[in-house]
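Sharing a structure, written as structure tokens. Questions coming.
Lettered A, B, C and D in written order, each chain numbered from 1.
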Amino acid sequence: MTPSLHLWLIPALPLLGAAINGFFGRRFSRQAVSGVALTFAGAAFLMALYVAARFSSLELPYTEFLAHWIRSGSGPHIFVAEFEFYLDQLTLVMLLVVTGVGFLIHIYSVGYMWEEGGFYRFFAYLNLFMFFMLTLVLAGNYLQMFIGWEGVGLASYLLIGFWFTKDSAASAGKKAFIVNRIGDFGFLIALFLLIKHFGSLNFAQVFTSVSQLPGEMAGFGLLTSIGLLLMVGAAGKSAQIPLYVWLPDAMEGPTPVSALIHAATMVTAGVYMVARSHVIFDRAPNALTVVAIIGTLTALFAATIGIAQTDIKKVLAYSTVSQLGYMFMACGVAAYSAGIFHLMTHAFFKGLLFLGAGSVIHAVGGEQDMRKMGGLKQYIPITFITMSVATLAIAGIWPFAGFFSKDEILARAYEANPAYWFIGVTTAFITSFYMFRLWFMTFWGDYRGRDSAGHADPHGHGGHGHGDPHESPMVMLVPLMILAVLSFVGGWVGIGGRFEHFLAPVFGEGASTVATEALSHGTELALMAISLGAAGLGWYLAYLLYLKRPELPQKMADMLGGLYQAVVNKYYIDEIYATLFVKPLVDGSTRILWHGVDQGVIDAAVNDAADGARHVSDAARHMQSGNLRSYAGWLAAGGAVVIAYMIWMGVR
Amino acid sequence: MSSLQVFILASVIKIVLVILILLTAVAYTVWLERKVVGHMQNRWGPSRVGPFGLLQPLADGIKFLVKEDLTPPHVYKPLFIAAPMIAVICALTSISVIPFGTAITVRGYSIPLQITDLNVGLLLILGITSVGVYGVALAGWSSNSKYSLLGGLRASAQMVSYEICLGLSLVGVLIVSGSFSLREIVESQSGHFWGFIPKWNIFYGCQFVAFFVYLMAAYAETNRIPFDLPEAETELVAGYHTEYSAMKFAMFFMAEYANMITVACLATLLFLGGWSGPVFGPPLLQVILPTFWFVAKIFVFLFIYIWVRGTLPRFRYDQLMAFGWKFLFPLAIANLVITALVVAYRS
Amino acid sequence: MLHLVLFLVFAAICVAGAVNLLVQKHPISSALSLVVVMASLAVEYLLLGAEFVAAVQVIVYAGAVMVLFVFVIMLLNAGEEETTKGSRVALVLGVPGALAGGLLVAWVLIRHSGDKAVSLGALPGYPKTIGWLLFHEFLLPFEVTSILILIAILGAVFLAAKPETPPAPTGRKG
Amino acid sequence: MVPISYYLILSGILFACGVIGFLIKRNIITIFMSIELMLNGVNLSFVAFAAQWGHLSGQIFVFFVMVVAAAETAVGLAIIIAVFRTRETLNVDQVNLLKL
């Protein structure tokens, strides 16, 4: 019996911070607010480190019971859900990523948000997000996970709409929330199916029951349905086709939020959930195939949109969608540990990219359009260096972190189906291209922002004046540097399959060991070379188009015409959705539900009932004449009737 | 003669005797009052008719009988006529349960000196007294005169209010003696304690507080000074009987004095031991003596009545009400509670 | 025989008084008819042996309650009753209803009360026995009614008091 | 000897007179008296039943009825005075504001 780790403290600490800042922060100074937020986020990180330090001495998986929650029914039909925490290798990885990156972004936010109104509100939300994310990660059953799942959605909604006076931010928040609801609906139905068939939501119990079932090799059975429904939930949360549309819009939130929630942690919850439910997916190959196809398509699809975006954060947003597609691809080919590996490295470099982008935006006074940047490397050298590391990492250049994880995924994809691999490599090329496009447009060439400076975001950093771009304060740069180091070395843990080996107890020995041995060393090296080549090609193309011959892109765009327009307009997906789903829904609601049901049936019923009551009362009120003697008359007559009735009934 | 015949004969004789005596007593109480008050005010009082004016009541009676009986216009006649009758009937009826002495024995038949002995004699007196209010109230109302109406209003309010105090003061006595029958109440007071003090309720039963309350309430009930507001001459021009004259007026007069005598009898019976007193001498004297003591006590009581009239001024109406509700009423209740506790303790 | 005669005589007075109450136009005449009814009812109680009830009937009803009525009639200077036609229901529905109800009850009483008769003073209600019952078996109701009386006194004082001035003496007749 | 039913019928007549008085009288004080008449009718039947069953509780009940009647009278007359002060009439047909 291992002594209690007090895992509950990890989510509880940020919750306490959120409560303090949320309830009393209005009266605090900015120093106090940031002090509280950093203390509790840091404390959570320290707890996570403590858990990691104790990790080797634990019996895994380690569960911790906190309190009774739901008890209903009895006997064989009992359904129990407790507040409990579940710790294994997967949880530990997520825990460290969430608390570590989260803590760094907290630090960064102090600098980034210093000038903003609602400072305490921001940190309260941020801490609240940490609480829900950690609840999600540490949950011991699906229901508790669902709390975290919904809670991070709430925090995301609050933070996207942080500048709620701006219309686009408010509607972006709503969009994120509503699209997520669609996914959550699938998730919930999956949970109901689990309760129906396994009578429990506890991970251990469900997985034990599931592992006794035979795999559904073909057809569409229970596990496939559950898997697909879980995938719907994951697609909503992790911005996969067809529910990815909210994530680009979510860039309306403050940049640290984009980094924390919409790049590093929350959007990976779907991946985590699929990986956590791998027992179910393992026995539902059809569902797994769907996951793989969705992931692959999303990766390619989002990457192509990323090419034509000019807003620095939009590029990163589509990049995130694309990278999440990679992760799902990995899960889809049952390479869960590769997916989680990429999740971790992606958290480092994408967090870094967003923070760097924030630093750039900060430097140029709130401008987000890359066409108005350029040549920033001499103004903001530290940001430039860290961003460069991150760009190399995401492009998959050796020996940066992204190389190892992406390579792992591509290798496993090749093994499963070369088509996946091919699309993956294509995507890697496109990724490299648009990332270097961003890099060149932002940091190289001449600064193009002077002539039009002053078009600053109303909520942006106008306070910094409109002079030359300037480096961010130290409090923002330190997290950048730390993340740059992690982006550089973070991939090394995967060398020689160490990371995979670490996670092996979770995902089972079979899948991983067999996989590594399946590919010969030569094939592996060839694959590596090809992906490196694709990355290099992307770099060269970007160099050519955006540094050497800056007039070329416009020409090419003119040449491509409609296709280019389609890409710029994100394939008109938002418009299609609006036509296909939103408008029919709104019109249908207006005509059928509002005019038809609400006004025609409900209101009409209420009004008719009231009218009827009034008419009856109009007739009956003459009885209530206000005259005492009339009342007495009714009473006497009624009394006579009662006496007659009693005599009739034989009461003496 | 059968015992029923004896009973009827005795009853008739007693009724006639009592009414005669009572009416005479009423007449001579008026004379007494005029005489005493006269002397208190350094006047002679009635002195022209007969020795010491003793025939004055007779002269008054003749005067009332032969005077013109005026009935003012606009009065409500049935009640205007009925009101004095109600008053005098109630006053005379209540005397019927008053015992005047021990029973006497005539030819072997024991005849109590009382028209009738009821279990609830005291209650009967209270009931009749309370019905007597109608005479005053209706007289005031039927006269169709504002003075009379005010007098009637005052009378009814005052009598209802003080009736409560009167009743409560009697309850103390009832607790001590444990009966509603006046005869039994008197018999419970015979004897002495500590050798010489008579066991009257006022002494032995410690009912002196109740006696005081009774005295006050009785003054108010009979509309006597200092509580004679219903007929206050200076304010209301004689109040409820302003419009009355001749024999009707005389009836109210008789009712008032009869009530005084009844109240005095009641006080004597309840508080002062009734006819109990030293009995000695020859048999005839022994028969007469109890009645003598009884009459003497009534006389003392009546004298106090007259004495107070000659001494005290009249209350204001709100003072009257405040005195009744805020002083006498709590006092009577306190007396009742203490008496009940003492009796409970003794038994 | 005497019993029956007395009963009939006073019942006749009683009914006459009740009918007179209905017929009379002036409230004070109605009030006096009611006093007559109550007084004759007291005699009926005596015939039934309830002497204490009879005495209390006279003291409370005739002596206090009805005096209050007379007092209020005098105070408000109530005049003759006007015959307004405010309520058709009372005449059309109420009076026949009341008569029908009364007849039905009378029919049931005559059919079912049997031949049991009471002699004069059949069940003497001596004050002592009544008091004993009141303070033993009916102690709680007795105390409750005392509270009721207290509340009624307060209510009457409050209701009849003129709003601006302290309670007038007229309000204290509870 | 008088049959109990005689008393009951007398009580019924009184009660019916009370009800009819309530119905046909316009003066609120007289209506109030009609209520008293009804109560008296009921009292008579209580005493009669006490004699029939040979138990005094019927008579005890009469006391309670009297107490309630007295309390009711005090409050009711106070209400009548209050009504008269505001409406300046005792005719119930004119005191009919309590309606729709």
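The rule is short, and it goes like this: a contact is a pair of C-beta atoms (placed from the backbone, for glycine too) under 8 Å apart; a residue touches a chain by one contact, two chains touch by 3 or more.
Values in this document were obtained by computation on a predicted structure and should not be read as measured data.
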- Spell out the chains that contact chain B while also contacting chain C. none
- Item | Chain occupying the most central position, where position means C-alpha average | D
- Interface ranked first by C-beta contact pairs: C-D
- In whole angstrom, how far does the Cα centroid of chain A sit from the Cα centroid of chain C? 85
- Item | chain A and chain B: spacing of chain centres that average the CA atoms, whole Å | 105
- Taking each chain's centre as the mean of its CA atoms, how far is chain C from chain D in angstrom? 6
- Task: Give, as an integer number of Å, the spacing between the C-alpha centres of chain D and chain B.
- Result: 33
- Item | Per-residue multi-chain contacts in chain A, two or more chains | 625, 627, 629, 632-633, 636
- Going through chain D residue by residue, note those that touch at least 2 other chains and give them in order. 19, 23-24, 26, 92-93, 96
- Which chain pairs touch, all of them: A-C, A-D, B-C, C-D
- In their complex, what parts of chain A are in touch with chain D? 621, 624-629, 632-633, 636
- Query: Residues of chain D touching chain C in their complex?
  - Reply: 1-10, 12-21, 23-27, 29-30, 32-34, 36-37, 40, 43-44, 47-48, 50-52, 54-57, 59-60, 62-64, 66-75, 77-82, 84-85, 90-94, 96
- Touch list for chain D against partner chain A, complex: 19, 22-24, 26, 28, 31, 92-93, 95-100
- Task: Give every residue of chain B touching chain C within the complex, in rising order.
- Result: 79, 118-120, 123-124, 126-131, 133-134, 137-138, 140-141, 149, 152-153, 156-157, 159-161, 163, 167, 180, 317-318, 321, 325
- Over in the complex, which chain A residues touch chain C? Could you list them? 625, 627, 629-630, 632-641, 643-644, 647, 652
